[in-house]
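Order as written gives the chain letters A, B, C, D, E and F; numbering starts at 1 within each chain.
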Amino acid sequence: MSARSIVPFGPQHPVLPEPIHLDLVLEDETVIEAIPSIGFVHRGLEKLVEKKDFQDYVYVAERICGICSFIHGMGYCSAIESTMGIEVPRRAEYLRTIWGEMSRIHSHLLWLGLLADAFGFESLFMQSWKLREKILDMFEMTTGGRVIFSVNQIGGVKRDMDSDTLKLFIKIFDDMKKELTALTKAFLNDYSVNTRLKGVGILTKEKAHELGAVGPMMRSSGIEIDTRKLGYSAYNELDFQVITSPVGDSYARTEVRINEIFQSIEIIRQAAQKIPDTELSLVVKGFPSGEYFMRAEQPRGEAIYYVKGNGTKFLDRVRVRTPTFANLPSMLEVLKGCQLADVPTLILTIDPCISCTER
Amino acid sequence: MIKIVSTVLYLVFAPVFGGLLAGVDRKITARMQGRKGPPILQPFYDIFKLFSKEAIVVDHLQNLFVIGYLVFIIFTGCLFFYGGDLLLAFFAITLAEIFLIMCASSANSAYSSMGSQRELLQMMAYEPMILIVAIGFYIATGSFSVGEIITSQTSAIATTPGIFLGYLYILTIKFRKSPFDLSTSHHAHQEMVKGLTVELSGRTLGITELAHWYENTFLIGIIAIFIINATWWSWIVALAVCALAYFMEILIDNTYARVKWKVLLNSSWIVAFGLGILNLLALYYIK
Amino acid sequence: MTIMNFTKTILKNLFSKPATTKYPFVKKEYPEGTRGKVEIDIDSCIFCGICSRKCPPNVIEVNREKKEWKIDPFGCISCSACVYACPKKCLFMNQEYTAPAPQKTTNTFTKGE
Amino acid sequence: MTTQSITTISNENLISEVIKLKDEGYRLVQICATTVNSEYEITYSFALDYEFLCIRLMIPEEAEIMSISQVFAPAFLYENEMKDLFGIKINALSLDYQGNFYRLEQKTPYKNQ
Amino acid sequence: MYFVSFLLLFPVLTAVLLFFAKGYLAKKIIVITSSVVISGMALIFATMNFFTLSNRFYIKDAEFVNILFLIIEFVIMCYLIYLGIRFKKYYVSLLSLVQSGILFWLELSGQAKTEHSFNIYIDKFAIIMCSIIAVIGCLICVYAVGYMKSYHQHHKEYKDRTTLFFPLLFLFISAMFGIVFSDNLIWLFFFWEITTFCSFLLIGYTKTKEAVTNSFRALWMNLIGGLCFAVAIAYCALKLHTLSLHTIVHMGAGAQAVTIPVFLLCIACLTKSAQLPFSKWLLGAMVAPTPTSALLHSATMVKAGAYLLIRLSPLLAHTVAGALVTTIGGFTFLATSLLAISQSDGKKVLAYSTIANLGLIIACAGIGMYEAVWAAMLLILFHAVSKSLMFLSVGAVENSIGSRNIEDMHGLIVKVPALAFVMLIGIAGMFLAPFGMLISKWAALKAFIDSNSILLIIFLVYGSAATLFYWTKWLSKLVAGVHHSERKDNQAKGCEWFSLLAHSGIMIFLCLSFPTISRHLIEPFLSEIFGYKISSIIGDGNIQIMTFMLCMIFILPFGIRVLTLDKTSKQKSSYMCGINTGDDRKFVDSLGEKKKMYLSNWYMEDLFGEKKILLPSIIIATVIIVVLLVIGIGGAL
Amino acid sequence: MSFASKSPWLIHYDGSSCNGCDIEVLACLTPVYDVERFGVINTGNPKHADIFLITGGINKQNEEVVKQIYDQMPSPKVVVAVGACACNGGIFKECYNIMGGVDKVLPVDIYVSGCAARPEAIIDGVVKAVALLDEKSKSISQGR
């Protein structure tokens, strides 16, 4: 006999760092239906290719999103490089890998903090973000920016990391591991956190596949796909396992992401050892023509960078399919039947990046 | 005479005490999170600011209810510090809370109303334990009257340790601290936005904050009367216990995720049963 | 599963120095290479306008006649595209960022005779 | 890098082709439209594990196509997007935002004006 | 004596008049006049006896009355048997036959001719009950005059059977007076059966399928109680050789001889008061027009059970029968309070609340301590007024907004402010601090503690929590400030409105005057039945505090006006995540269109739903009754 | 004595920014920058806020949202535009769905530059906003 409440959730809502809107239909506090609305952040930057040449567009590409910035830049550059048949110097590829993995650590820590905040564990949020600041400092040391690096360019990278810096970073990461372990314990073993994560928002393997989930969202449902295994950048020379978890609930998604932080540290360590000494960048001649779908693994999952050139300096089309866009249907799936209190947690467990999604 | 003095002292100093407590709380919380934190006097700055802001409401009824909330919270505290009837004090504070709930739902706003429903749920969760506290005092000391409770020969806690712990448990709800800050939270990021207080701003928010300080003083007073007996040193012990209890609340606030409403309801009722009712049974058995 | 396993971290934080910087009371030291705001060594500038064309948000204006180099610091995205592009290397990134202000201003550099 | 195969198919074969892919276990990766002269080139990308393939439609501006959201549920997002940005007419969408997916000031900005 | 006869006979006369009255106006005039007369007389009677009343007995031997009763009883039995056969509810016929049979056998065989003395007994308790029944009952009748007219305008599908309806109401009131005044158990039983019969007819008023089913349910459940009653009478007559309630009560607690009849009477009371496992009949009674529900729920019918139990309470202290009554009462309080949470139909919530409060009253009576009985009596008093007020206002709301669902009362304070205020007073009266019910709860709690009954404490603390929940959520629904465009007309006019206002007035008057009532009516009665001087239950200090709180509540709105707080605040639209469409009601939804926001209360169906806990509670209650009956009667035999 | 400056509560809304500024705004609350030192609380609710921090440019869809939030804040209130996009649209100002900076729809009081705006810049911006808040508060109390 319960009546149903109809309330708006977002776009302005304190648990949502970015605007997204849901029409929630609630029974008590059980979500019966959730219809999403996006478009609050839509800028239309794909159309900017008509105004910026393919080299300048790198600056736009990395501003698709401030969190995934680096890999957006890299993905775009790689796509262009593929259409032009440019072989990027290995050192540049290794540096891209290292920055990319650092981005992953920073993004996952940021996500952990936001997740903690969503389930009301403020000190855990603070702790995660305190750790994240160290990574940001490392970024600033090597790229000159905290969130947007501007180091990618077609044909390579602009800045280098010397061996001392790399050693220093490895040491910082080693120190960080201890704190990370304490954090991990709180996320994975604490009773109250477990009540908020375990069994909440289960996405089965079949559903994950059907709804086209990507990244940690998919891997935590037991599907073993990680586009880094395609071997772009330097990943073909690095050894790592795809991290999965079979359960598919919020807890599994947390577990997968935390393990990926440790994995990323290992990848950086390997890369720092193997990094060859070549030049950083090639001089690019000519204009891109032809098309290419570049698949890169963002912290949030597989991103697709599609470029289509016509032999002039302006591209015909750039399209970015970001992981969050692919994960939205999964989010709606897990939202059904959850509690209102779970809504922020579940929105966060797909690790949404709305500004990526809407471009 | 002493009764009137203590009532007046409460009226005047409860906000000061409550505000300082909030300030210390925020400072300690910040330090626990590795931050420097605001100045101790920050809550006072906040409340003065709130009273100087433009008053906006969604519905004029809000003003009525929010004042009702304040008045009855103060009334409860006065009743308590006057040495009056504990059970009546609990009834009065319930009335005050109901005013707050009506205030929130009179705004007819989504998050405010949802907050009021949650607040109601919280009340339902802690109500059994609150009543058991009063019953425990009655059985332990033979009276509902605070005046008689604090002059009894032995401390109430000697025979009601379970009830004391149960009270501390629900105190987390009353202080609106994690894991039980469902209806409105001191922390910003909540699915309820600010729950109950979403539609309160400026003066009305200031009033709720003030009422909250009065209420906290009263609630801590109840911790104290568990300890206080006819001897003078029991007052000092009581002070220490209150401080420790509050510190524990801050610690718990910082080491728990916010639970969901079912956990809140179930656990509070189970605690009321496991600690409260069993303690009462034991009391009957001793007698 | 444990309860309150974060207590150790919390208490450690409580009894150690907070991580908070003293900014703005103590100035922050930026690492080398931090991208703050763009400045120009106007005397070496040849007013070729490459920086203006390369600038992604189009905030640089170069006026060859007036020998004027203008930038809107509030629209600048600190990407240093101009710095890389400058043939005379007279543009450089200052570590300081543009201070917040109640009005948007334009920084104009004019080459003296 | 894996090879990228793009098969161009005709408008009528879309659904049957898509159902075939679904039966083979592919998942939808993305749908993308491009304006080529006065035609739309719509590319549907699918993946099975690390394999990646695309099928492509070339349709005139006024043509209507069937939605594949009945086969691949997540397609509704991409198709609404195409509808809003390009003005492509899509039938039988599982959740049709009626052109309010992005709520743009300038309708169908990618359409050839 | 004259007063008593008048109060018993005048309503019957009115009923007869009403039966033959033609036209609505005539009925209206008759109802209003006799209501004024009845309540006036009852009040005069009460005032006369307010300070001074030594208990009085009346009507010694009245053979012709007994015969008259016998005849009426026979007619009713025949009618019920006929109905049972016609509707194929043979158990009804059987029950009716058996219980009346016992009575006939008793009377005709002369077994009932004990050396008993008086048939009528008046004491202060009777005075209280009589005033409640007269005033509340008559106000309900007055309300019904206005209500039934609009009821039939709204419900064209039902046949207008008010010719039967109004006489039944007055008959009912008369029967209630009879129950309250009778000392002879046979008389008491007769009136008892009349209420059962009248309620059966009233519940079946609309003659829909549901109404018929529910009325038969009410009938058979009450007939079970009647059967127990009849057996108890037979037992008293045969074994104790007395049929005077007064005498039986004075045999004292724990007397072996009275155990069995007391048990049986308790069961009868439990059925009449709709306690678990017999609650369903009262819930079914909701199908009847609102005045019927009000009448059954507030001052009459269910109160008959509570009344008799209070009479019996000295016999119940520390006995198994007492334990049975308190346990069932307490358990019912808890279970139905929880059940009320999951309901959104206003009348259903009220029904559960009635059962719960009756449970509390009965638990108090069962303890048999004077504080508990004091609490029970005050609960009867306050519950009668506020519950009646609630029912009538729900009825008025239903006529005004077309629904009695609590969800639809969202923003009633804007939609129909006058009714909302009346309802606020009613709800406040049901559970809020300075109003009457809570002071009784305070006393009940104290009595429960003193009686060392941990079980009752459990029932009370958890039950109160649930009570708080479902009332407050109703309150919060009422006060929501919706847009002024949703304003509706108050359909309660004339008679209905007068009745509502009178109720509110009585409510407030009682809150202010209950110390006096307690001192002059309740305490003397308690002193008398418990045999020693009762000191005042609640301290003067606490009474002053309560009064002070009450005053504060009423001063508050004026205080705000004086401080002009509401004038200085500016109105802004409510927070809706930044997407409200200019007003507080709609937001821009995901599809870019305007969508109406809707706020619903919590019902927690999966925790407290009827599906979840109704059946288990009935089973538990049945088990409790069976076990305690076996223990108790086994011990007595 | 005005207390407005001692307890500036802020609300943050992400216009159409790329997240860069948003996470920097959030970073300001965290241990290393801890703006609560100045009494700042991130309220997330316009009715409690004194300072409105907007990141990102304005487009058709969020124009109304931003206006409403501003309208629902009690005065005195201050608007701070954080980052190049909020100042004038930044790199996106040529996009078809960007109307420009925040000043297209609201009176902006403080502009904070940067892409993304550094936490130090945001702190400076807030400190300036606070001073402004004090002024506004004074002028309101004089205006009474």
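What to note about this one:
The criterion applied here is as follows: contacts are C-beta pairs under 8 Å (C-beta built on N, C-alpha and C of every residue); 3 or more make two chains touch, one makes a residue touch a chain.
Keep in mind that this is a model prediction, so the values were computed, not measured.
Considering the contact criterion stated above, the chains in touch with chain A and with chain D alike are E, F. The chain with its C-alpha centre at the largest distance from the centre of chain E is C.
Of all chain pairs, the one linked by the most C-beta contacts is B-E.
Separation between the centroids of chain A and chain B, computed from CA atoms only, is 43 Å.
Centre-to-centre, using mean CA coordinates, chain D is 39 Å away from chain F.
In this assembly, the C-alpha centroid of chain B lies 34 Å from the C-alpha centroid of chain F.
Along chain A, residues 5, 7-8, 11-15, 29, 35, 39, 42, 44, 47, 59-60, 63, 123-124, 126-127, 130, 133, 145, 148, 190, 192, 358 each make contact with two or more other chains. In chain C, the residues that touch at least two other chains are 4-6, 10, 13, 18-20, 56, 77-79. In chain D, the residues that touch at least two other chains are 102-104, 109.
Remark: the chains found to touch one another pair up as A-B, A-C, A-D, A-E, A-F, B-C, B-E, B-F, C-F, D-E, D-F, E-F. By the touch criterion stated above, chain D contacts chain A in their complex at residues 1-2, 4, 6, 25, 27-30, 32, 34-36, 43, 45, 49-50, 52, 54, 72-74, 76-78, 95, 101-104, 109-110.
Those residues of chain E that touch chain B in the shared complex are 411, 413, 432-434, 438, 442, 445-446, 449, 452, 454, 457-458, 460-462, 464-466, 468-469, 472-473, 475-477, 479-482, 539, 541-542, 545-546, 549, 552-553, 556-557, 559-560, 565-566, 568-576, 584, 597, 599, 601-602, 607. Here chain B touches chain A in the complex through residues 29, 32-35, 110-111, 114, 178-179, 181-182, 185, 187-191, 193, 254-261, 263, going by the rule given at the top. Chain C meets chain F in the complex at residues 18-21, 23-24, 28, 37, 56-58, 72-79, 97-104.
Across the interface of their complex, chain A is touched by residues 1-6, 8-10, 13, 19, 30-31, 33-35, 54, 56, 77-81, 84, 93 of chain C.
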